[in-house]
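The following blocks contain the structures, represented as C-alpha cells.
Both complexes shown next keep subunit A, but they swap its partner, so subunit B is in the first and subunit C is in the second.
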Partner chain A sequence: MSDQQMAFYIDLAACSGCKACQIACKDKNDLDVGNMWRRVVEYVGGDWTRSGDAWVSTVYAYSVTVSCLHCQDAPCAEACPSAAIVKRDDGVVLIEEDRCIGCRYCEWACPYGALQFDDATGKMTKCDFCADYLADGKEPACVASCPMRAMDYGPLDELRDRYGDLAAVAPLPDPSISRPAVVFGPHPDSRALGSTSGRIGNLEEV
Partner chain B sequence: MGLHDWSLIIFTILGQMSVGVFLILGIVHTVAVRRHPVEEVERLTDRALFAIGPVLILGFIASLGHLGSPVNAYLSLLNVAESWLSREILFGTLFAAAGALFALMQWRKIGSFAVRRIVALVAATLGIAFVVAMALIYMLPLQPAWNLWVTPLTFIVTSLLTGALAIGVAFVASYAYERKREGADHAALASLLHDALRGLVTAAVILVGIQLVAVSLHVAVLSAGETTAAVDSAAALTGDYGVVFALRLTLAFVGAAIFGFLIYRSTIWATSQRTIGTLVGGAFGLVLVSEVLGRYLFYAASVPITI
Partner chain C sequence: MSDSGFGADTITRTVLGRRSFMKWSAAAGGAAALAGGGLGFGLQWADRAAAQSDATVIPTGCAHNCGGRCAIRAWVEDGRVTRIETDQRPDSFEDPQLRACMRGRTNRERLYHPDRLKYPMKRVGDRGSGEFERISWDEALDTVAAEMTRIMDEYGPESMYNNYATGGGSTMRGSVNATRLMNLFGGRLNFYNNYSWAAAQWATPYSLGTDLSGSSRDDWVNSKLILAWGFNPAEMIFGTNTQYYLKEAQKAGARIIVIDPRMTMTASAIADEWIPIRPGTDNALMDAMAYVMINEDLHDQEFLDTYTIGFDEEHMPDGIPSGNSYRSYVMGDGEDGTAKTPEWAESITMIPRDRIIRLAREFAMTKPAALIQGTGMNRRAYGEQPVRGGINLAAMTGNIGINGGWASGMGLCERGVSVGGFPAGENPVEAAIPVYLWTEAVLRGTEMGPEDGLVGVDRLPSNIKFIYNCGGNCLVNQHGDINKTTEILKDTSLCEFIVVHEHFMNASAKFADILLPAAMDLEQDDLATTWAWGESLISFSKAVEPLYEARTDYDICADLAERLGIGEEFTEGKTQEEWVREAVEVTEEAYDDFPGYDAWREEGIYVPTFDEPFVAFKDFRDDPDEHPLDTPSGKIEIFSEDIWELDREGLPAVAQYVPEWEGGPWDPLFEEYPLSCMGSHYQRRSHSTFDESPWLDEAMPQRLFMNPVDAEARGIEDGDMVRVFNDRGEVRIAVRVTPRLVPGLVDLPQGGWWQPNGDGVDVGGSVNTLTSLKPTPGAFGNAQHTVLVEVAKA
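This part shows the complex of A and B:
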C-alpha cells in the first residue's frame, strides 16, 4: 500500500451522465435497492429569455458523480464514537463494520451524503475505493466502467499535477470542510462553488 | 420521522430532565435549609432525588433504539479522544454513577453533610458536562440549524425548565404522601412546599421566557443565514412544520406562564390539594409536551448542507 493519499479524478466535461459508474458500483458491491455508494447528481439551470423578437436559451445541465471522497480531514471518522471509521496510510477511508454500532452520527458529519445505512445489517456502509481491486493493482469498478473515460484515480498529488486542483463545483459543499481527495475537470457550463443559479434536477434519484 | 428519531427525542429530553432535576434540587435544598429544618427539607427533596435514577435509566434504554447494532453499544466509548458522542456517553455514565452514589449516601445518611455536599457538586458538574457534550454533538458545520449557540442554550434551558416543574410534581406527591402518614406534622411541610412551589414556578416562568426568545431568534438568525440550508431550515419551521411550531410555543406559554401564575397565587392552606396537584401536574405536562415537540422540530426541520 502506498502512503500517498488516493483520490478520484472526474472530468465533468466528458461525463455524459449515463450512470454506468453508479451501476458498476452497485454490482461490484452487491448493494441493495436504496443503497448507493456512488450517485450521479444532475445540476440544471438556465432559462429562455426574450431578446427583441428572439428567444435565447441559457439552459444548461451537467452531471457530477460523487461517492465517498476519502477526505483528508475525514469528519466522519472524528464523529464516530466507536472509532469504526479508519483512514489508512493510503488515505482510503474504511468502515470496520464489526465495530460500527449503527448510531448514524457519521451521516450527519459527511458533506457528500456518502454514508449509506444498511437497514438489514444495522451497520453503516460506504465506498471503500474498491480496496480489494487496488490491492490487486486493478482499477476501481466505477473508473473501469465509464464509457466516456471521464474518471481516473491515483495519488492526489499526481492527479493535481495532471489535471489541476478544482475540488468543487455547484452543487457540492465547500471543500474546506473536509478537504476531499478529488480533482474535477470543469464542464464548459459548470457553475462555481456556492452558485445558486441552478438546482439538482434528479433529487428523487440521489 | 421514524422510530430512530423518537428514541433520540426521548433520550435527550429524559437525560436533560434528569440533570435539571438534580441541579435544581441542589438549589432548592441549599436555599430551603436556611429557613426550614434540614429534616423537613429532605422529607421533600429525597424522594425527588430517588426518582431521577429510573428516569435517567429509561432515557439510556430509549437511546439504544437509535442504534442499528445495539449489542455493540459498549464500543461507543472508544473514540473519547475525538467524538462528542463518546464524550456524551462518558459524562452521562459518570453523572449517573456519581448521582447514584450521592443518592445512596443521602438515603442511608452516610458521611457528613459537607461530604455529601461535595459528592453532589461533583455529580452536578458531570451532569452539566453531560448536557453540554450532548449539545456539542450537534454543533456540526454541515448542520446550520444546529451549529449555533441556540443549541447549548436551549438544551440547558430544557434541562432546568422540565427539571423545575418535575420537582414541583414530585414535591406535591411527596406532600400528599406525608399527609396520609400518621402523626406527621404537616404544618411545617406545608409552608416549605408553599415556598418551594413559588420559587419553582418563578424559575419556570423566567426559563420559558428565555426559551421563547431563543427559539424565535433562532428562526430569525436562520432565515438571514448565508447558506440555502439555513434558509430552508427556517422555512421548514415556519412553513411545513408551522403548526407544530406554533403549538410548541403556545403549550410552553400556557404551561409555565398561565399555570405558573395560578400556582403562584394559590396557597397550600386555602386551595384544595387536588387543585394544586392538577395545576402543578398540568404545568409540567404542558411544558413537557412542548419540549418534546421542540425536540421533534430540532431533528425534523434541520436541513443539512450536503448532497
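This part shows the complex of A and C:
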C-alpha cells in the first residue's frame, strides 16, 4: 500500500453526466435505490432572451461526479464517536462496519454527503476507493467505467503535477473545510467555487 | 427541499433522511430465492477483497438497440452473476476498450429483476387487459403452432407478419429466429424500412448512390471543424466509443459545434458551442448557409462542377425547366421567388441572422470540415430533406472524399468486421410494406397499394391476421399513436393471433395471446458486432442458465418448428452455440490475426487492425470517371431526376426547407397545441428497454423536459405533475423545468412504458401516446418527432 494520499481526478470538460460511474459503483457494491456512493450533479445556468424572431441563449451546463473524496482532514473520522472511520496510510478513508454504531454523526460532518446510512444493516456506508481493486492493482470501478475517459486516480501529488490543483467548482463546498483528495480539470463553462449564477439542475437525482 | 445532501445552489453539510430503500429481496419474494438471492449488503472492504477470488469471469456483451454493443464481463459465483465489469483489455486510441455505459452496467439488476416473466402464459381477459394465466410450455407451443397453421391455411402467407423487433441486437436475437421460422413455414408479409432511419436510408442514395456515406471515426482527428448536426453520441451512443472519438477530435484541434434543439450531453461535454434551433427547421438553416456561401462566393465551384449535378442551371439534367437548381431555389430565382437569406431563416429557425452568417462562413472557410448528421431529423414530417440538405452543404464546401471531411447523409460506413449471421431463410412472399404502416395492413391491408408504399405486388390478398412479436416493443409502445394502435389490436377479428417473446410485462407483452418468457443475453451463447461502424466482434458466453422457465428464442422457435413439421430445416441439427461457431468461420477466413474460435470466446473481443482511417468516396474524389457513384449520373445528385419523376408533395427534387404539418405557427393546430414535442433518446433507456430498472429510474427518472419560458407562461414549476395532450391522447407526468432546450419545445424522452389509467391517460410517459401515424412522403417512414401538444398543470 502506498503511503501517499490517493485521490481522484475528474475532467469536467469531458464529463457528460452519463452516470456510468454511478451505476458501476452501485453494481460492484450492491447498492439499492437510495444509496449512491457516487452521484453526478448537473450544474446549469443562463437564460433565454427574445431578439426579434430569434431566441438568444446564454445557457450553460456541466456535470460533476462526486463520491467520498477521501479528505486529507476527514471530518467524518473526527466526528465518529466509536472510532469506526479510519484513514489508511494511503489516505483511503474506510468504515469498519463492526465498530459503526449507526449514530450518523459522520453523515452530518461530511460536506459532500458521501456517507450514507443503510437502513437494512443500521450502519453507515460509503465509497471505499475500491480498496480491493487497488490491492489487486486494478483501477477503481468508476474510473474504469468512464466512456469519456474523464476520470483518473493516483497519489494526489502526482495528479496535481499532471492536472493542476483545482479542488472545487460550483456547486461543491469549500475545499478548505476538509481538504478533499481530488483534482478537477475545469469545464469551459464551469463556475468558480461559491458562484450562485446557476443551480443544480437534477436535484431529484442526487 | 433537498434531502439529498445537495442544496439548491451549493452542497450543504448534510445528506439524508434519504429516500427509503427499495426492499429488494422482499419485493423479489420467491423470485429472489429462485435466482439464488437478490442483491445484498453488508460486506466490508476487506471481505470483498476475499470474496472476489472465487468468481469466474465470463466474457459476454450488452446487445440492446441503443446504438452501442459493448463488452460485459460477468462475475459468476455459485451459479449466480455477482458483478458486471466491462472491457478489461488495454485502452488506447487505436483500439479503445468497448466500455459499457450505465445501461450495460445494470445487466445483473435486469437479470434478477423480480418482474421478469417467469413462465408461459395465455391471455384470459380481453386482449390488452394484461390478464394472463400460467400454462405449460407444451400448451403454449401447441397453441401457437395450431394458430400459425390455421391462419396460414385460411388466409395465406401474406397474412403472417413478423413484427419489427430490435430489443435484442445480437446475431441470435429473437426477431431473426422468428423470421427464419416463418420463412421456412411458408413465408410472411415482408416489411422494409426501420423505425430509426427510414427517410435517411431512402434519401441518401438519391444523392450519393449509397447510404454508406460515412468514413471511419478515427478520421475525425483530421477535421478542423465538426458540425454535429442533431448528432448526439454522448446520449444515444451511435456506436460504442463514438463520443470518445469526437472528444479526441476536439483534443486534436477540431472545433465542434452542436446544432440541436436540446443542449444534449454532447453539446455540454464535447462541443465548443451549441446553436439551438427550432426542431424541424434544419433545412432553413442549411438553405440560408448556402445563400451566404453563394452570396459571398465562398463555395467550392470547382468541386461542384466536377462532382455534382443540379447545383446550378448549367449542370442540370436535360429536359428540366429552368429555375429548379439548388442555386436558383436558394437565391430566389426558383418557383417560390424567395431568397433564402439569413433574415428569412431567422424567423423560421429562431437562430439570430448574424449567427447564421458566421456559421456559414466558418463552415465554408475551415478545411477540412465535417458535417455529421444525427438521424432524429429524419424521423420528422419531411425527414428526407435534411438528409440530402446536409449532403448539399458538404458538396458546396468540397468536403466529400477527403480526410477530415464527411459526406453527410446517413453516414454508415462500409468498413466493418467480417462475420456471418444466423440465416433467416428465403421468404417466398414478394409483397412488402413500409414498416411504419403495419397497423394499416392490419386494418385495411387489401386496400393498400403503391400509394401506401406497398411493393412487390399490386394489392395484398389479405390483411395481417397473425403477428409474431419476438423481442420488441413496436407492437404498442414504440409505434405511433398508441391509442389508435391499441384500438386496432384490441379487435381480435382483425389480427386474430399474437404471440410475444419478452423479458417483462411491457405494453407489447400485454397484447399477446400467448406470452413466452425469453432468456436474456447473460443466459445464452451469442455474438454481436459493435453497432454502426461494426469494427469489433464481441463473443457472448452463457454466464448462467436461464432463470425460471425462460428459454432462448432459438430453443422456443426450434420447438415450434418441430411442431410445424420443419424442425430439421430450422435447426439443421445445430445448437445455438454451433450457429455462433459457424458465423465466425467467415471471420476466421477473413483475418490472419483472428486468434481462432476458442481463443476469441475466451478473450471475448476481436478487433481487426486497420492501417489508416477509411475515407468514404475517396476513390470517387480521386478519379470520378473511373469510380463513378451509383447514381443515375454517376455524380452527386443535388438535383435528383428520379425524385422529380416521383412528383410527390413534400418531396422536392432538390433538398429544401418544407414547413412541417404540426410544425409551427403556420399550422392551424398550433393555436390549440402551441408546443412541439419530441421524444429524445434518453440515456436511461435503450428505446423502451431498461425502463424497468430501479437503478436507472433513480439515475434519470422519466420526466417531461420544459423550458422555463414555457413553464412560467403556464404557471408550471419544476417537479409539478402536468398533463401533456393533443387530439390523440394524454400523458400525465412530472415536469423538469430546464433551460437546456429551446423555448416552444418540450421533450418527453421516447421509450417510457405506456400505462393507461382508468381514464385512458398514460401515466407511464410514452411519447407515442401523442405521436402521429402519418408517414414521410418519400420513404413512408415514421415522423414520430413531429408532434404538437399543449401542457397544463395537472
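In the analysis below, the second predicted complex is superposed on the first by the 199 of 206 C-alpha atoms of A that agree within 3 Å, B and C clash if a C-alpha of one lies under 4 Å from a C-alpha of the other, contacts with A are read in each partner's own complex, and residues count from 1 in each chain.
In this text, a contact is a pair of C-beta atoms (placed from the backbone, for glycine too) under 8 Å apart; a residue touches a chain by one contact, two chains touch by 3 or more.
Please read all numbers here as calculations on a predicted model, not as lab measurements.
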Checklist entry - Who does A:Ser82 touch here: subunit B (first), subunit C (second), both, or neither? => result first
Next on the checklist: If we overlay the two complexes on their shared chain A, which of subunit B and subunit C does A:Ile200 touch? Say first, second, both or neither.
Outcome noted: both
Item to check | Partner chain(s) touched by A:Gly122 [first = subunit B, second = subunit C, both, neither] | outcome: first
Next on the checklist: Contacts for A:Lys28 in the overlay, against subunit B (first) and subunit C (second): which applies, first, second, both or neither?
Outcome noted: second
Checklist entry - In the superposed arrangement, which partner chain does A:Leu172 touch: subunit B (first), subunit C (second), both, or neither? => result both
Checklist entry - Just subunit B (first), just subunit C (second), both, or neither: which does A:Gly164 touch? => result neither
Next on the checklist: For the three-chain arrangement built by superposition, which of subunit B and subunit C touches the greater number of subunit A residues?
Outcome noted: C
Next on the checklist: Per the contact definition in the header, classify A:Cys100: touching subunit B only (first), subunit C only (second), both, or neither.
Outcome noted: first
Item to check | On subunit A, the residue positions that both subunit B and subunit C contact, one per complex | outcome: 41, 104, 108-113, 117-119, 121, 123, 171-173, 196, 200, 206
Item to check | Footprint of subunit A on subunit B - complex, ascending | outcome: 4, 66-70, 72-73, 75-79, 82-86, 89, 137-138, 140-143, 228, 304-307
Checklist outcome for this item: Per the touch rule above, subunit A residues touching subunit B in the complex are 41, 66, 75, 77-84, 99-105, 108-113, 117-119, 121-124, 171-173, 177, 196, 200, 206
Item to check | subunit A to subunit C touching residues, read off their complex | outcome: 13-20, 22-24, 26-28, 30, 32-36, 41, 44-48, 51-57, 59-63, 94-98, 104, 107-121, 123, 125, 128, 131-132, 135-136, 141, 144-149, 170-173, 187-189, 194, 196, 199-206
Item to check | Residues of subunit C defined as touching subunit A within the complex | outcome: 1-2, 4-16, 18-22, 24, 39-46, 48-49, 52, 83-86, 91, 99-102, 105-106, 108-109, 234-235, 241, 243-244, 247, 263, 265-266, 268-270, 272, 274, 276, 346-347, 350-353, 683, 694-701, 707-709, 719, 736, 738-740, 742-743
